[in-house]
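Both complexes below contain subunit A, partnered by subunit B and then by subunit C.
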Partner chain A sequence: MLQSPTNDESRVRVPNTNKGQYSPNPNPKGDKKQNRVIRFLNSQKVAPYVFITPFIVSFLLLTLYPTIKAFTMSFQRVLPGQSHFIGWNNYERIFNPTFYKALQNTTIYVVLTVVILVVVPIVLSVILDSKLVKFKTLFRASLFIPSLTSVIVAGTIFRLIFGESDASAANQIIGIFGMEPIEWRYNSWSAMFLMVVLCCWRWMGVNMLYFLAGLQNIPKELYEAAEIDGANVFQKFYYVTLPFLKPITIFVITISIINGFRMFEESFVYWETSSPGNIGTTVVGYIYQQGIQQNDLGFGAAIGVVLMLIIFVISIIQLLLTGAFKRSDE
Partner chain B sequence: MKKYLLFILAVAFSILLTACGGNNKSSGGGGEANASETVGEDIEGATELTFWTYQEQHMKIFKSAAERWNEEYPDRPIKLVAETYPYDQHHNNLLMAMQSGSGGPDIADIEVGRFSNFLQGDIQLEPMNEYMEPLKDVLIPSRIDMYSKDGNYYGVPTHLGATVVYYNQEIMDEAGVDIDSIKTWDDYVEAGKQVVEKTGVPMTTVETDEHWSYWPLVSQSGSDFFDENGELILSNEKNVKTLQFLQDMVYESEIAVTAPGGFHHSEEYYGFMNDGGAASLMMPMWYMGRFIDYMPDLKGKMVMKPMPLWEGSDAKTAGMGGTGTVVTKTSDNVDLAKEFLAYAKLSEEGSIALWKQLGFTPVRTDVWDSPELQEDNEYFDYFGDYIWDMVSEMSAEVSGIKLTPYTADVITELQSNVMHSVIREKSQTPKEALKQAEESIRGKMEAGE
Partner chain C sequence: MERKSASLYKWLATLAFALISFIALFPILGLIISSFRSSSELMRNGMSLTFNLSELNINNYSYIFTQASEYWNWYGNSLIISTLTIVLSLFFSSMVGYALALYEFKGRNVLFVLVLFIIMVPFEILMLPLYQLMINIQLIDTYFGVMMPLIVAPIAVFFFRQYALGLPKALMDAARIDGCTEYGVFFKIMMPLMLPSFAAMAILQGLNSWNNFLWPLLVLRSNDMFTLPIGLATLLTPYGNNYDVLIAGSVMTIIPIVILFLFFQKYFVSGLTVGGVKG
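Right, the complex of A and B next:
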C-alpha cells in the first residue's frame, strides 16, 4: 500500500542469469529423489512461495477461516448443539437505536483520534528532530513508553484520575481554575473526551516514531535550497517536510481509522459493557455485549460483518482520495 | 494488474486488522488465571478435577473440601486444580468451552446474571438432581429453582443472598431515630427525613450503574422482571411504582443520593461510606464481606435489619445475586465431580464451611442451629451476634427471582438506560423508561424466537 516515490518496477526485477538451472547437482550419485525436492524448492518459481507459506497458512487458518465462519454464523442462531439458519433475521435486527448510537460514538471517536493522532505527532516529531531541542532521547522515550503499557492497566488509572468525586486528580486540577467538579463518566462529551485522551496518550509516541523515521528520508539539500530561496520555517515545513511525509501520513491515517473503528478497550475500562445512556458504547463493544455476554453469537457476527464492510468502504475511499492506487509512474 | 493486487492487499489488510482486534481483546484482559491453586498433587493416582471460578474467595471452599475428601476417602483421592479468572473472562471462556464442547473444566461457578446463557440449546451441564432432591425439604426452594430448567437442577447454590438494610447506628442515634421503629418503607422515608434534618447526612444511596437498589425492592414487592411463564413484565404497575419510590427518595423527599462511583462496589463508594457518608444502605447479606474488607472504620457501628415492609405485604427480604456451581458434560469424571461438588457445597460440613470461611448464609436451613455457626468470628465481631436470629426470622419469606435467557438483557437495559435516566438525570419518568426498555427487549425476544 505504501509506495516509495522511486520506480520500484526496476528494483524488483532481479537479473536473470541462470533461469531454471539454479543449483547444479554437486553429487551426481546422491539420492535423486531428495535432489529433485531440493531443486524444486530452490527453483525461482517456487522459492518465493515457500518463504511466504508461514504467512499464508496463518492467514488461512487464523483469519480467513474465522472470517468465513463469521459470515455463516451471522445467518444463524448459535446455540450449543442446536445452531440453525434463520436467514436475514440477525441483519434485520442490527439497525436499532443502540447500534446507531454505537456507530455514532465510534465515528466521532475515529474523526477525533485521526485528526489528533496525525497533527500532533507531526508537530512533535519535527520539534524533536530539530537541532534546538535538548534531551531528545529522553523525550522520545517518554512519549513512546505509554504504548508499551496495557490499555486495561492504564485505563484503570485513568478511571481513578477522572473519578467524579471532588478529590479525584482531574477535578482537583480543574478546581484550581475555579471550575466545578465534573462527573466525567456520565456526560456524553466528557465520555468521548476520556476515550480520546486515553487513546491519544497511548498512541502518540508510536505515530511520532513513524514520522521521525519519515523525516530522516528528506534530503537536507532541499532545505538548503529552500533557505537560499528565502523560505521561512513555516514555508519550509509546508513545502518541503509535509509533501515528503505524505506516504507516512497515509499509512498512519489508514491505521488510525481501522484501529478507531475496532476500538473496544478504551470504552471497556471506563464502563465495562454498559455505559449510562450508551454514551461510551462502541460498535465492537456492542458486538462483545450482544455476542458474548448475552450469548447471541449469530447477532454479534452479523454486526461484525457490517463493521467490516464499513471499515472496508471507508479505507477504500480514503486510499482513492489520497491516491494510493495510482501508479507511481503515472 | 498492479491495481488489482493493491486492491486485494487492501482487502486482506483490513480483514487482518479487524481480526487482530479480537486477539488484542483477550490478551488485554490477561490470558492467565489470576490465581491458581492445587490440592492433593502429591497423592499418587489421584483423579484430577478442575474448578473455575471468578471469585477468588470461592476457591477456599473447594480447597478445604478437597482436603477433607482426601482424608475421608483415601481410596479415591482427588487432585483439585482451582483457577480464578476475571468475571467477564471467566464466563466468556466457559461459554465458549460449552459452545464448542471441549476445553472446559469439570466444575465451574456461574454467576446468577449469566446463568440463563448456559441453559439454552442442548444444555451442556449435568443435572444434580440425585444430590439435591433428597435435601429438598431443607433447601430454600427459591434459591435452587433459579438454577433449574424443566425439573432438572443444574446449579448448586452458594448462599441465601437475603437482602437487608445496614444501618449506621451512630448516625441514627445522632438523629434520634430508633431503628426498631422502622417497620414499613413509609416509616423508613419519615426516619430518613429526620436523619437528613438532624445530621445533614443522606439516609441512603441509590445505584445508577447497577441494579442492586432496584431488583431487591421489585422482588420484595412480589413482582419481578419476568412472570413464571417467562413473559416480560418489566413495566408492570408494581415495577413502575417501585422505581418511582426510588426516584422520589432522591428528588421528592431528598433523603437519598446517587451512589458515589455509580454503584455500591466502587472504590469511591467504599470511601464515602467508611467516612459515614450515609445513614443506611440496602444490600444483600453477602455485602457483609465488603464492609469488613473495605470499611474497617464502621466496625461495631453497623446494624443489619430485615427490609422494611411494603404496605399490605409480609415479605421481609428478597434473595438476590448468587452463584450456581455446575458440573459440565465435557468432564471426564462426571460422577466423581458431581459427588465432590455435593460434598463441597451441600453437605453439612460444606454448609458450615461456607459460613465460617466466607460469611455466606448457607441455603441448607437445618445447619443454621448447629453450634459451629454460633461461634465467634469476624462477622459477629463486626455486626453483632444476632445474625442467625435475623436470618431465621426472614427465611420464611425469601422471595425468589425468575431467570430467563433474556435476564441479561434486562440487566443491561437497567444499567445503561433506566437507572441512568430515571435516577441520575431524571430525564424520563419511571413509566417511560421501563416501557422503552421493555420494548427494546421485547424486540429482541420476538426476533430470537
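Right, the complex of A and C next:
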C-alpha cells in the first residue's frame, strides 16, 4: 500500500517519456500536468471542495459582498461612477415621519399576520386531523391552492373583490349586514386589512400543512391516557397537543416574522409605491422608493441596515423567549 | 343519543371545512368567471357576486390569443427563466447538498451553518448593492441577471443535504472500487437516488421563479424582457386599457400551475413546506 503513490508516479511518467516517439502530442509536459490535475481533482479529499464551489462562489458574490457593500454604501452618497463618504448623514435622515409610518405599518402587519397565521392554522389542522371531518384530502388541497398564485395575480383579484363601487363583492356582502360601502384602498384600517387578508389567504393552507405534519408526531397513547384521566377535548388540546406542536410553532412564527418584515408586494399590488398618506407604505417599499425610484442607493442601503438590525434584535429576543439556545446545548 | 350527537358534530365540522375551502377557492373561481365578462366594466365596478349568464363571452380570450403578442412575449420569458432556473439551481444545489451530507472535510460544519444563516437573511436587505453590481457587470435587463440570486438556493441545498443524509455511504465505496471517479459516483449512482428530492425542489424553485417579483422588477427594464408578474403589474394602472389582457392573462398564469399541482400534489407539498424537514 505504501508503495502505491510511487507506482502511480512512475505510471504517469512512463508513457510520457515515450510519448514523443508514437504520439503526435507536441506537449508531453502539458499532458502530464493534465493527468495530475485529474488525479488531484478526483481524490476524496479534493472532490467535496469541487462540489461546494458553486456555493462558495455564490456566497462570496451574492451574500458576503452585498452585505459589506450595504454597510459601506449606507455611509456614502452613491452617484454613478463616483461615490463619496458622508458619515452618518444617511442615518440621520432615516428618522423621518415617512419611515416611522412605514415601520409602524410593517410592525402592525407582522403582529397581525403572525397571530392569525399561527392560531387559525393550528385550530384548522387539529379539527382536520380528527375523525370528525370527511374529504380531508380535498379540503387540504383547496386550502393549499392559493399559495400557488403570485402576489400580483392574487392582488389583482383582491382589488376586484374589494373594489370601491357598491357593486363589488366585499361591499355587497357588508351591505347585507346593513353597512355602508367602504373605499377599501383609501382608509388606513382597511388598507392594513387588505394586505393582511391577501397574505393570510395565500399562506393559510401551507401553515396548516406544517401543523398537520407536527400532529403526526404525537403518540396516540397520550390521548388515550388523558381520556382515562378524564380530560375533556380542550384539556387534551392544551396539555397534549400544544406542547407537541411547540417546535413547529416556533418555526412558523420565525418565518412569519421574517416574511412580514420583508413585505413589499402585498402593498405594491394595491398602491404601487405611493399610497394616500402612506397608509400602505412598508419598510421594504420605502427602500424601493428611495433606493430605486429616487436613485438614492446610499440612503436606501441605510434603511436596509436598520431593517437588518431590527430583524436581528427581534430574532435574538424570540430565540431567548422560546429557549432555542437551551435546546441546542443539550 | 351519544352516537347521534357524534354524527352531528361530524356534519358540522365537514360543513365548516366545506365553507372554509369555498372561501379559499372563491377568489380564483371569481377570477375565472370574471375573465368571461367585460373587463373594463369589471375594473370600474369590481367583481360582483351577481352576474348574468347571458353576458358571459370569450372576447377576452380571443383578444389575448390573436392580438396580445406582448403577453405571449412575457409568457415566453417567464417559461425560459423558470426552466433555466430549475435546471441550473437543481444541478448546483444538489452538488453542494450532497457534499455537505456525505463527505467528511474541513469546514463542513461552518459551511452548513452558513447555509442556514443565508436562509435567514432577507434578500431585500442585499438587493440594492446587488442591483448596483448588476449595473456594473452589465447584467441589467438580461435573463441571467434575473436568475442569478436563485441559482444556488440555500433552502434547496439544505433540502438536498437532508435527503442525501439518508443515502447509504457504502454504495459510494462500492462504486469507487468498481473504478468510478468521485464525480461518476455522484452523477451516475447517487443523483438518481436523489430524484424524489429533485421533484420537490423543481417545484419550489419553479414556483419561486414563476412568481418572483421584486428582483425582476429591479433588473428588467424593457417591456420585451418582462416576466409575467412584472408585465401584468404594468397593466394594473387606473388609466389602462388592457384589462382584458390583465384578467384573462392572470387566469392563464395560474391555471397551468393548478393543473400541475393536481397531478403532483405530493411533490408540491414537500417542496413548499421545505423548512419543516426534520433535522
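We take it that the second predicted complex is superposed on the first by the 269 of 330 C-alpha atoms of A that agree within 3 Å, B and C clash if a C-alpha of one lies under 4 Å from a C-alpha of the other, contacts with A are read in each partner's own complex, and residues count from 1 in each chain.
By our rule, a residue touches a chain if its C-beta (ideal position, glycine included) is under 8 Å from a C-beta of that chain, and two chains touch if they have at least 3 such contacts.
Everything numeric here is computed off the predicted structure, so don't read it as measured data.
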item: Clash or fit, subunit B versus subunit C on superposed subunit A; value: clash
item: Subunit B versus subunit C as contact partner of A:45, first or second or both or neither; value: second
item: Partner chain in contact with A:59 - subunit B first, subunit C second, else both or neither; value: both
item: Contacts of A:319 with subunit B and subunit C, given as first, second, both or neither; value: first
item: Subunit B versus subunit C as contact partner of A:163, first or second or both or neither; value: both
item: Partner contacting more residues of subunit A (subunit B vs subunit C); value: C
item: Partner chain in contact with A:308 - subunit B first, subunit C second, else both or neither; value: both
item: Touched partner set for A:288, first subunit B, second subunit C, both or neither; value: both
item: Which superposed partner A:144 touches (first subunit B, second subunit C, both, neither); value: second
item: Partner chain in contact with A:186 - subunit B first, subunit C second, else both or neither; value: first
item: Which of subunit B and subunit C A:264 touches, first, second, both or neither; value: both
item: Residue range of subunit C overlapping subunit B upon superposition on chain A, of 56-64, 164-172, 200-208 or 218-226; value: 218-226
item: Footprint overlap on subunit A, comparing subunit B with subunit C; value: 59, 62-63, 66-67, 78, 150-152, 160, 163-165, 255, 258, 262, 264-265, 272, 284, 288, 292, 297, 304, 307-308, 311, 315
item: Complex contact set, residues of subunit A against subunit C; value: 42-45, 47-52, 54-55, 57-59, 61-63, 65-67, 69-70, 73, 78, 124, 127-128, 130-135, 138-139, 141-154, 156-165, 167-173, 201, 204-206, 209-210, 213-214, 248, 251, 255, 258, 261-262, 264-265, 268-269, 272, 284, 287-288, 291-292, 297, 300-301, 304-305, 307-308, 311, 315
item: For the subunit B and subunit A complex, residues of the former touching the latter; value: 2-3, 6-7, 9-21, 24-25, 28-30, 88, 91-92, 95, 98-99, 101, 114, 117, 120-124, 208-209, 260-262, 267-268, 271-272, 405, 408-409, 412, 415-417, 419-421, 424-425, 440, 443-444, 447-448
item: Sites on subunit C touched by subunit A in the complex; value: 9-10, 13-14, 16-18, 20-21, 24-25, 27-28, 30-31, 34, 42-50, 92-93, 95-96, 98-100, 103, 105, 108, 111, 114-115, 118, 120-133, 148-149, 151-152, 157, 181-183, 186, 207, 210-211, 213-214, 218, 228-229, 232-233, 236, 246-247, 250, 253-254, 257-258, 261-262, 265, 268-269, 272-273, 275-276
item: Residue numbers on subunit A that touch subunit B, as the complex places them; value: 1, 59, 62-64, 66-67, 77-83, 89, 92-93, 96-98, 150-152, 160, 163-165, 185-186, 255, 258-259, 262, 264-265, 272-278, 281, 284, 288-289, 292-297, 304, 307-308, 311-312, 315-316, 319, 324-325, 327
